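Here come two complexes built around chain A, the first alongside chain B, the second alongside chain C.
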Partner chain A sequence: MEDTKPQLLTVTIDGIAVEVEPGTTILQAARKIGPDVAPPAMCYYQPLKGSGGKCRACLVRVAAGSTKDPRPMPKLVASCLTAVQDGMVVENTTNPQVVDARNGIVEFLLLNHPLDCPVCDQAGECDLQNFAFDHGKATTRYEEDRRTFEKKDIGPYIQLHMTRCILCYRCVYTADQITEKRVHGVLGRGDASEIGTYIEKAIDNDFSGNVIDVCPVGALTDKTYRFKNRVWFTKPVDAHRDCPTCSGKVTLWYRGDEVIRVTARKNEWNEVTEFICNTCRFETKKTSDWVIEGPTKVSRSSVISANKYRADLEKPSFGKRLAAAEYKPIHDERDTSQLSIQQLPPERFAKTLPSAVEPEP
Partner chain B sequence: MTKKILTEHINVPGIETFDVYRQQGGYTAVEKALKTMTPDEIVEEVKKAGVRGRGGAGFPMGMKWSFLAKPEGVPRYLVCNADESEPGTFKDHYLMKHIPHLLIEGMIVSSFALGANKSFIYVRGELMYVIRILEKAIAEAKAKGFLGKNILGSGYDLELVVQPGGGAYICGEETALLESLEGKRGNPRNKPPFPAVKGLYQCPTVVNNVESIATTSWIINNGGDAYAAIGIGRSTGTKLISASGHMRKPGVYEIELGLPVEDFIYADEWCGGIRPGHKFKALVAGGSSVPILPANLALTLANGEKRLMSYESLSDGGFATGTMLGSGGFILFDETSCIVKNTWNFSRFYHHESCGQCSPCREGTGWMEKVLHRIEHGHGHQHDIDLLVDVSKKIEGNTICPLGDAAAWPVASAIRHFRDEFQWHIDHPTEATQPGAVYRGEMALV
Partner chain C sequence: MQLTNRAKQVSNKEMTLAEKMYLPAVVGGLAITIKHFFRKKPTIQYPEVKKYLGPIYRGHHVLKRDEQGRERCTACGLCAVACPAEAISMVAAERKKGEEALYREEKYAAVYEINMLRCIFCGLCEEACPKQAVYLRHDRMVPVFQERDEVIYGKDRLVEKLDDRYIRKNSEVKTTPTEPSLTRSTT
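Then we have the complex of A and B:
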């Protein structure tokens, strides 16, 4: 009884081989390699059982099913649900078909999205924003009216903006799996489906606030934090307290020395690691209530880490990427030797240009 | 006359009652199966018959049965999909209404073959009167000892439940049907796991169409080889075709697979030709979700041969010049019908029926409908046709269930074959929006 470990499977994603345990999904295997390879996930949420498969943002192409059966899969598959096989070859962003499909998904998700990021509390930590930045276009081909919904009040703590919802069902699974009774769900069908409580009920239980954290967009936001600040102006700090109902491990979001928001701690994939109760989230907002552990490590290149205070963090690449996209070398063929301009040494420019802009080979 | 398997006795008065059905040789398959055959032998016969799923996808039924997982101590279920809601298809409705015992007999035999002790018939919710007919027939069969405990003394028990559907097209997709049957919202499940492994209540389940199940009693009585002798190639047996549209005799016809499309349309035995004074313009051969074909391609293959009513011949040439047999919803259009309007109508249906679970279908179907609405009502832009093609491509194949494909194919194929007509609507909005206005440009009319 020496070898009780399951045999590891080798899967190649975008040319990078990784060994994973049997039963791992392609998405998890890709996440093991790193954020550059991991497909985006708008509905899949690892802590929630049964989530995934709905947004189709994580579609990948399986170029070879396994060593035994190396045929490619006929359609693109949802990487969040497809288990890896030994010898599987997966194409993520290296395949134009996948990129094309993903561009399509962004377009579909944004069709009826209000694009009110300037007034949305989620801006800056929004999965859809990141996804659109990676795969979206600056213009839309949609000319009709966007769909709207009647406003619904779902209680004193949670603000529901149905127009922003992308129907990922995460909040439904959350309520199913961590609360005793789910009182909200998806009503209607097709593009008229909406999250709601049948007959205008308030969502009222100790863990209801977690739907705010799992929401990938600004459809469910914290009423106690509403319009108070932008996330990139706040400082996240890890803290804990002795809570009778939950683990009490949270992230406090400071503006100056004032706690303006409390959320659960999230990992690098923006997934909550431990769900917290409403008392911690909404009612304990004094520094004296908490034991401070230190600044939160924001490991993904997000705008939250854009400001400040940790020199070792890589600055978000958004600006650089934008600059790289906008930057065009000027082919000036005029003879400048005739002009009485003092030629500056090229190093002068090199400093001011972002390092990401590398000359095309 | 072609061979009739399902509708042989359909015109016998009182066939909906147990006694008349029994007099016509009904329930002999149950006797034969339960008394002389083992479940595996039945599956073998159905495999030999090569009968392909009549619900639309055309997957071999015997193979589907043999995929059923059989773990110890776990119940297995047979579910009959009678949620027929495809526009243009009405064959199951006709069969259940007129000859309910044929389905029940098939259900008993199939359930015995699969080892299911509780089987369900999920009937479209709008067909309440059919549900009553079925329930009455089940009660009769039960009274005669063909259902319930210890059927015909064989020791086999079967309970048959008729379930009214949730009133949604999507509930005809097998996994959405199972969700709906479990009492949940009818959202299709992600596959795998397939229903054969984890279906109803997470137990192994087979979902079959009404027509597929109804054929089993004939196969048991006459043998799989006899069934396989009917038809052509891998399209064995007979098929019910729901013929509708601009023809002289619309209705449900049972045809032997392999019949030329031309004969089916023009022969007096079947559709009886295009309505007098008009010409054949286009054909939807298998229900609204299959690609539409112009008249010339509907009658002949790309290589000039006659097109036949069979799974292979209809899909010959892929989607470039072919279509699919689908569920057999045969819709015929003459030259007075506007393809743009028709495509918009289909698109509107899929927009309305999308479950809203996955994003390409939820957003894409609505988008296509709006663009088509715009073209039809004279507000189309020059780039709209390419936009539609692009949107349909981005939906197709990227969704959880085939509804996305079903919404994309009619639009893509209509543009593929009738692009001029779309262009005419965009170029001449005033003319095109006149009441009854139809494109009269160059096209293949037969």
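Then we have the complex of A and C:
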């Protein structure tokens, strides 16, 4: 063991160099730089092992493989699965080929998507919606009938809309890795593959609710929140509680004074790092159950921040209080006798300024 | 060079006796007055007579029904979030079995309210609507309010009556990609 510290690799993504450890994927390296450079991800989910490589949303072009072998990779590669090499040059949004490919990916993902966003509870926080908005076309060329499925009941908490599913397998990995026993999976092949429990069975594991947060589209939604309200009319608040089974750190979604939904906290990549249990998610929907930490930070461009005004910004007395707090008495010791206005006799002001004649008491 | 040809040459010459007595001016003025007696009257006797306000006038809101008389609105909330005056509020509900003839989609607006005092008739709700459900009628205005409690319009006054369908013939308005079969010009 001569050197325990791993050598850092230098990768250039969209012209920005970043040093990462060996074994990092291109997507993680890009996320290290920032959200402007990071490729979109529909199926890759960092907390879930083995996720990624299914949706092709994160395709990037590798312009130079490494310092040793600087040939470009012949095809676009999925950045969530490709490990970086030293001296790799990656083109993400700077390459028109990548932008064009993403455009096609959006079209493929939306082929069988029902586009029922007005009805869907996920609208407003949907990864596919954001992805299509950023990278897709405004119209569809698809004219055939979209695939449909028989409605399946998978328990009292989770609503399954198979038509909206993009088969990212995130919920399968979640059930495998977070819960003790997985009862659902992807059944069938090709066009007929669908999420299901095979034999009609309710998903009732204690951590099963996390598949709702993990789902990038509205295929798995909260049945207790179904049609309660739109995401952008609710107010997200960070809160926590002493939970024996999970970390208890959640986001409460308020409508007025009423908690209408509880979700796990998502980071800037829309990923949950601390999964919460079903008791927190579905059964504790009272403000008194929670310790409120403060409003969740929502990005300015998100629709969730639309039409929200902080209560303290609306007070009409705010300006007055600010002026009172900022007020400083002026100690003006200058000699004012030479200022021209004072040299005029007070009678000159009598008409417009009577107080100039009368000496003040 | 003159910008217009309306410039009038004035002179300072001595007036005649008739001009000093203002006779031509009085006659000229009376002629103008009498001419107006025979003109067509521009006044419209509102409210007995109503003027056509044009094909794009934004008046009374209407929640459209589709061809089969089902309500189009799915309470998606886009009109409310687009509304700059925040005049629209709604409560969604799930369609039950047997209500398929009433509501077109799985979800419908159980309550849909527009505060007409807040509304500025900008038409952004109509533009935002993905289901072509809310329209601002070009042929009808919101009546004058008499009481403050009648300014919030609920579904009873907004949903299109089946015997009073609203048709807008404006072929220039395109459909949204969600519903290729539905054109705005049809009912």
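Just so we're on the same page, the second predicted complex is superposed on the first by the 298 of 361 C-alpha atoms of A that agree within 3 Å, B and C clash if a C-alpha of one lies under 4 Å from a C-alpha of the other, contacts with A are read in each partner's own complex, and residues count from 1 in each chain.
Please note the rule applied: a residue touches a chain if its C-beta (ideal position, glycine included) is under 8 Å from a C-beta of that chain, and two chains touch if they have at least 3 such contacts.
Bear in mind that the values here come from a model prediction, so they are computed numbers and not experimental data.
K.L.:
In the superposed arrangement, does A:Arg230 touch chain B (first), chain C (second), both or neither?
P.N.:
second
K.L.:
Could you look at A:Val303 and tell me whether it touches chain B, chain C, both or neither (first, second, both, neither)?
P.N.:
second
K.L.:
Once chain A of both complexes is superposed, is A:Ile26 in touch with chain B (first), chain C (second), both, or neither?
P.N.:
A:Ile26: touches no partner chain.
K.L.:
Does chain B (first) or chain C (second) touch A:Lys75, or do both, or does neither?
P.N.:
first
K.L.:
Does chain B (first) or chain C (second) touch A:Ile13, or do both, or does neither?
P.N.:
The answer is neither, since A:Ile13 touches no partner chain.
K.L.:
Can A:Val98 be said to touch chain B (first), chain C (second), both, or neither?
P.N.:
So A:Val98 meets neither chain B nor chain C here.
K.L.:
With both structures placed on chain A, which of the two partners, chain B or chain C, ends up touching more residues of chain A?
P.N.:
B
K.L.:
According to the stated criteria, A:Thr139 is in contact with first (chain B), second (chain C), both, or neither; which is it?
P.N.:
A:Thr139 contacts chain C only, not chain B.
K.L.:
Determine, under the contact definition given at the top, whether A:Arg189 touches first (chain B), second (chain C), both, or neither.
P.N.:
first
K.L.:
Following superposition on chain A, which residues of chain A contact chain B and also contact chain C?
P.N.:
Common to the two interfaces on chain A: residues 143.
K.L.:
Enumerate the contact residues on chain A facing chain B in the complex.
P.N.:
So the residues of chain A touching chain B come out as 52-57, 59, 75-76, 78, 81, 100-101, 104-105, 107-109, 111-112, 141-144, 166-167, 169, 185-186, 188-193.
K.L.:
If we count contacts the way the header does, which residues on chain B are in touch with chain A in the complex?
P.N.:
Going by the criterion above, the answer is residues 168, 170, 185, 190, 351-360, 362-367, 370, 374, 387, 394, 397-400.
K.L.:
Which stretch or stretches of chain A touch chain C in the complex?
P.N.:
Listed in rising order, the residues are 115-119, 123, 138-140, 143, 226-230, 232-233, 303, 306-307.
K.L.:
Considering only the defined contacts, which chain C positions touch chain A in the complex?
P.N.:
Residues 74-78, 80-81, 86, 92-94, 105-107, 130-131, 177-178, 180.
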